[in-house]
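Each structure below is given as C-alpha cells.
Same chain, two partners: chain A is paired with chain B first, then with chain C.
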Partner chain A sequence: MSIVTADHVSKWYGQVIGLNDVTLGIEPGITGLLGPNGAGKSTFMKLITGQLAPSKGALTVLGEPIWGNPSLYDRIGFCPEQDAFYERMTGLEWVTALLTLNGFDQKTAAEMAGRALEEVELSDVAGKKIGAYSKGMRQRVKMAQALAHNPELLILDEPLSGMDPLARRKTMRLIKEWARAGRSILVSSHILHEIESMTSNILLINQGRILAEGNVHQIRDLIDEHPHTVYVKAAEPRALAREFLAEDNVLSLKFEEGAVVVQTARPDVFYARLTDMAASGEFGPIQEVTSPDDNLQAVFQYLVK
Partner chain B sequence: MSPIHDQGYRRYGGVRTPAGRAWSVIAKAGIRTLISKRAFIGLLLLSWVPFLVRAVQIYAATNLPQASFLTPDAKMFRQFLEQQQVFLFFITVYAGSGLIASDRRANALQIYLSKPLTRMEYIFGKMAILMAFLLLVTWVPAVLLLITQIMFSGSFRFFVDNLFLFPAITVFSLIQVVTVAAAMLALSSLSKSSRYVGVLYAALIFFSQAIYGILYAITRNSRMAWMSVGSDLAQIGDAIFRVPLRTDLSLVVASLVVAGLIAIAAFILERRVRGIEVVA
Partner chain C sequence: MMPAQTAKPRVSFMGAALRIWDLSLGQMLWSRRSVFLGLLVGGPVLLAALVRIVRALTPLGRLAINGADVGGPAIFGMMIWLLYVRFIIPVLGVFYGTALIADEVEDKTITYLFTRPIPRGAVLVGKYLAYLSCTVLLILPSVVLVYFLMVPIGGGSIGASFPSLMTDLGLLALGLAAYGAVFSLVGAWLKRPLVIGLVFAFGWEPGVLIFPGYLKQLTVAYYLQGLVPHAMPDDSTISALLQVFREVPAAVTCLAALAVITLGTLALAARAVEKREYILEQ
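Showing the complex of A and B:
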C-alpha cells in the first residue's frame, strides 16, 4: 500500500505555480525527493504534512486525506529545512515542549525527548541552549523533534543541508537505521549522491512537476545516455587529448587553462580508460576530474528536452 | 546468557491529552513564560493597586458614618474598570505583542502546525494567554470588589439592589478583553518584531483617539467618536453599566465598529497564521 498518494495535485501561490498536476504513489521505505532549489520540493512536503491545502487534486497520507486532519499529524514527523526554534531554549526543553503538543504529559514528554536526543547523538548537549548549537546539531535536534513521538512516516526536508561531511555521514546512517526499524521516510535533497547513498528509490521533481520516479539506477542510465562532459585538469592536457582522440566514445574536445574538457557518449567507458591512463603515469599527474554534468540541473535540462 | 533487550522505540501506551485540547498546551506554555518575568509580575501587582484603594473606600463607606459619601454604586464599578484601562494597555502590549510575532521570528509556526494542532487551536491558545491576564486586571478585581462590598457591609442588600452589576462587569470585561486581545493578536501576526507590534497597537489606540479629538475640536460633534476604539468601548461600557452616555455616538454604531474590528482581526489571523508558503 502506498503511504502517500497524489492524484492530479496542483498548488498555486497566486499566479505562481508551486506544484503542477502531480500524480504519484510513494511506497514504504526510504524515498528520495530530488530536485534543484525552487523545484517544488518544500511545497510538496508542506502539502503532505497538511500545512497547505492543494489548490486542485486529492492527496492522502497513510491512507487518509491529510488536509484538515490533525489527528493524522500524530503519525507523521516533519523536519523542516529552515531553522524553526527558540534559540534561548535548550534542545531538551524544545523537544519536550513540542511533544506536549502531541498530547503527552510533561514527564513522559521529557523522557521521550531525552530518548530522541540520544537517538540523534545529542544527549551530551541536550541541556545546552539551541543558540549555541552548530549547524549539524541544529539539523539533528530538528530531526529529534520529528521522530520523538515515534511516527510511522518521517518527512525530512533537506536534512543534510549545511552539515559538514562527518555529520552528513552520521545523519545518512541514522536515516537508514530508522528505515530498517520500520519507518517510512521521505527525504528531500538537491544533491544526487546524497540521496543515492540513502536509497535507490527516488522522485525527480523540477518546476513543480514530477519528471521521473523509480530506481535511481534508471535515472543514472538516463543521465548516461546523453553526452557527458568531463573536465580533466592535468600537467599535460595535450598528451591526454591526443590519447582521448583515439577513443570511439569521445565526441569532442576543448582546451581550457591547464585542462582538457571532453564530451563523451559513454561516461562509464571513458572513466575506466581515464583511470588506466592515470595509473600508467605516461601522461603526467592528473590533478582534478570533475563533471559539470553531474549536477542535477544538467539532468533536468536533459529530461525536459 | 544475558537476555537481549530491545533499546528501540516502543509505542506510548499511557494517557494522552484528548484531541482538541492542544490549545491549552499553548496557553499554559505562554502563561508560564510570562509569569517567569519579574517585570511582568511587577506590572500585574501594580495593576491591583486601584483595587486596594477601592477596597479601602468600600470599607470606609460601610464602617465609618463620616465617609458615607463614599458609598459605592454602579458608577464606582464603571469608574474602576475605566481606571484599569491604563493597565489593560500596558499588559496588552507587554504580554500580547510577541505572542505570534515571536513564533514567526523563530519560524516555529511550521513546526507547530505539523503537530496535532489546528490553526484555530493555536489562535485560541494564544488568545487565552492574553485574555487570562487581561481578565485578571479587569473582571477578577471588579468581581472581588463586589464581594468585598458584601463582606464589609455584612448584607446582600447592595448586591440585590444592583443585580445587574455582576452581569454588567462580566459582559463589559469580556467585550473589552476580547476586542483588545483580538486586535493585538492580529497585529502580532503581521510582524516578526514584537517592538514594532507594540508601536502599531499604541498607534491604533492613540491615533484613532487623536483623529477623533481633532475632529471634535473642529466640529464639536461627538458622533464622530466611532473613529476612536477607546470611545466605542467607553460608550458600550456606559450603556451596560446604565450610567449617562458620554458622547452622542449611537450605541449601534459603537457596537458595529467593535464587531468590525474583531472581524477584521479574525480575517487577518486566518490569513497570517499558517505554515510558511515557500516554493523551494
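Showing the complex of A and C:
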C-alpha cells in the first residue's frame, strides 16, 4: 500500500501555482524528494503534513486524508525546513513538551525525549538551551522531536541543510537505520548527492510538477555533466582552498567572508574528500556546507526540454 | 523492526489546551512584548507614587478636582476606570490577543504545534489561557501597589476599601478575558489584526460609548463599566461627562454579556484557526 497518494493535486497561492496537477503514490521505504529551491518541494511537504489543504485533487497519507485530521499525527513525524525554535528552552524540555502534546505524561515524555536525543547524539547537550546550539545540533534536535514518538512515517524537509560533513554522514546513516527499523521516510533535498547516499528511489520536482519518479542513477548521470557549486564555511578557508586546488575535480574557487566557494565536476568525489578532510582535523573546524542550486536548476531545465 | 508505539491515552480538547498553556506561558512571560507591557503597567504605579510623594511634602494641602475634595479611594477608583479598564486592559488585549497565533507564525514555530495530534483550536485556547495568566501576573502587582499607595491618601481605610479592591481585580480579569477573546478572533480572522484591534479599542469603543443608542452594546467597555464599584466625583464637567459614559446596565446583564462575548469570540477564533491555512514566509 502507498504511504502517500496524490490524485491530481494542485495548490495555488492566489495567482501563483505552487503544485500543478500532481498524481503519485509513494511506497514504503526511503523516498527522496529532489528539486531546486522554489520547485514546489516545500508546498508538497506542507500538503502531506496537513499544514495546507489542496486547492484541487485528493491527498491521503497512511490511507487517510491529512487536512483537518490531527489524529494522524500520532503516526507521522515531521522535521520542518525552517530553523525555528523556542530558543530559551533546553533540547530536552522542548522535545518533552512536544511529546506531551502527543498525549504522553510528563515522565514518559521526558524518558522518550531523552532516548530520541540520544539517538541523534545530543545527550550531552540535552540540558543546554537551544539558543546556544550550533546549526548541526539544531538540525538534529528537530529530527529528535520528529522521531521521538516512534512514528511510522518520517517526513524530513532538507534535514542536512547547513550541517558540517561529519554530521551529514552521521545523519544520513541514521536515516538509513530508521528505514531499516521499519519506518517509511520521505526526505527532501536540493542536493542529489545527499539523496543518492540514502536512497535510489526519488521524486524529481520542478516548477510545481513531478518530472520523474524512480531510479536516482539515471538522473545523477545528467547532473554530473554540470558543474556543482559548494559553499564551505570554515575556520581556515585558505588552507582548505590550497588542498582543493590539488583535486582534479575542482574547476574553480572563490573566497567569501570566512568561506570558500568551490565548483566541482564530480560532487560525489568532492564530498567524500571534504568529509575526509573534516575528519582529519588538519584544516580546522568546518562549520557549514551548503550547495546553491543553480547547477541543479540547469539540469531541471534540461529535463523539462 | 520499528520500536513499538508507547501506549498513551488520547488527549481531550481541554487537556491539549492546558499542555499548550504549559508550553507557552514561560515563552510569553519572558517575551519582549511582556517586558514592554510590564513597563506600561508600571506607569500607574509611578503616577501613584508621585501623588503620594506630593502629598507627603504638602501634608496640609487637600486633593481636589475642580474644587471638590477627593479622597484616596475615589482617585484609586478613577485610576482603575480611566487607566486600567479604558486603556491598559484594551492595550494588553490588543497586543497579546492579536498575536496568539501570529507570533508563532512569524517565528515559524507554529509547525511544531500544528503537526501534533491535537485540534488546532486547542492550540489557540491554550495560548489564550497563557495570555490570561501572563497578563493577570502583569496587572496584579501594579493594581495592588497603586491601591496601597493611593487609598490611604485623605484618610482612606485600606481595610474598608479591600472588598472593592477584590471587585476591581475581578473586573480587570473579566476585562482581560473579554478583550483577549475578542482580539484573538481579530487575530485569527484578519491579516493586519493589530491595526484593526487598535481601531476597535481606541476608536470604536470610546466613540460609540459617547452616543446614546444601542451601538454601545457592541463594545466590551459598556459591560465593564457596569461592574466598576467606585462612585465618581459628580460636581464637575468631567464627572458629568463620565456619568454620561456610565449609562450602566445591571451587573448580572454585564456578567452574562461578558461571558457570551468571551466564550463566543473564543469559539469563533478557535474555529477560524481550524479552517485557516497559515503560509510561512520562506
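Keep this in mind: the second predicted complex is superposed on the first by the 228 of 305 C-alpha atoms of A that agree within 3 Å, B and C clash if a C-alpha of one lies under 4 Å from a C-alpha of the other, contacts with A are read in each partner's own complex, and residues count from 1 in each chain.
In the analysis below, a residue touches a chain if its C-beta (ideal position, glycine included) is under 8 Å from a C-beta of that chain, and two chains touch if they have at least 3 such contacts.
The shown structure was predicted, so the numbers you read here are calculated from the model rather than taken from an experiment.
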Combined model on chain A where chain B meets chain C, clash or fit: clash
Contacts of A:181 with chain B and chain C, given as first, second, both or neither: both
Which of chain B and chain C A:168 touches, first, second, both or neither: neither
Touched partner set for A:41, first chain B, second chain C, both or neither: first
Touching partner for A:49 - first (chain B), second (chain C), both, neither: both
Partner chain in contact with A:98 - chain B first, chain C second, else both or neither: both
Contacts of A:80 with chain B and chain C, given as first, second, both or neither: both
Partner chain in contact with A:152 - chain B first, chain C second, else both or neither: second
Against chain C, colliding segment of chain B, chosen among 42-50, 60-68 or 150-158: 42-50
Shared chain A contacts, counted only where both chain B and chain C touch the same residue: 13, 42, 49-52, 70-71, 73-74, 76, 78, 80, 82, 84-86, 97-98, 100-105, 108, 112, 145, 149-150, 181
Interfacial residue positions of chain C with respect to chain A in the complex: 1-6, 8-11, 16, 19-20, 22-23, 26-27, 30, 107-109, 111-120, 274, 277-280, 282
Of chain A, residues touching chain C in the complex: 13, 42, 49-53, 68, 70-74, 76, 78, 80, 82, 84-86, 88-89, 97-98, 100-105, 108, 112, 145, 149-150, 152, 181-183
Chain A to chain B touching residues, read off their complex: 13, 16, 18, 37-43, 46, 49-52, 70-71, 73-74, 76, 78, 80-87, 97-98, 100-105, 108, 112, 115, 145, 149-150, 181, 208
Interface residues, chain B side, partner chain A - complex: 8-12, 14-19, 21-22, 25-26, 29, 102, 106-108, 110-118, 274-280
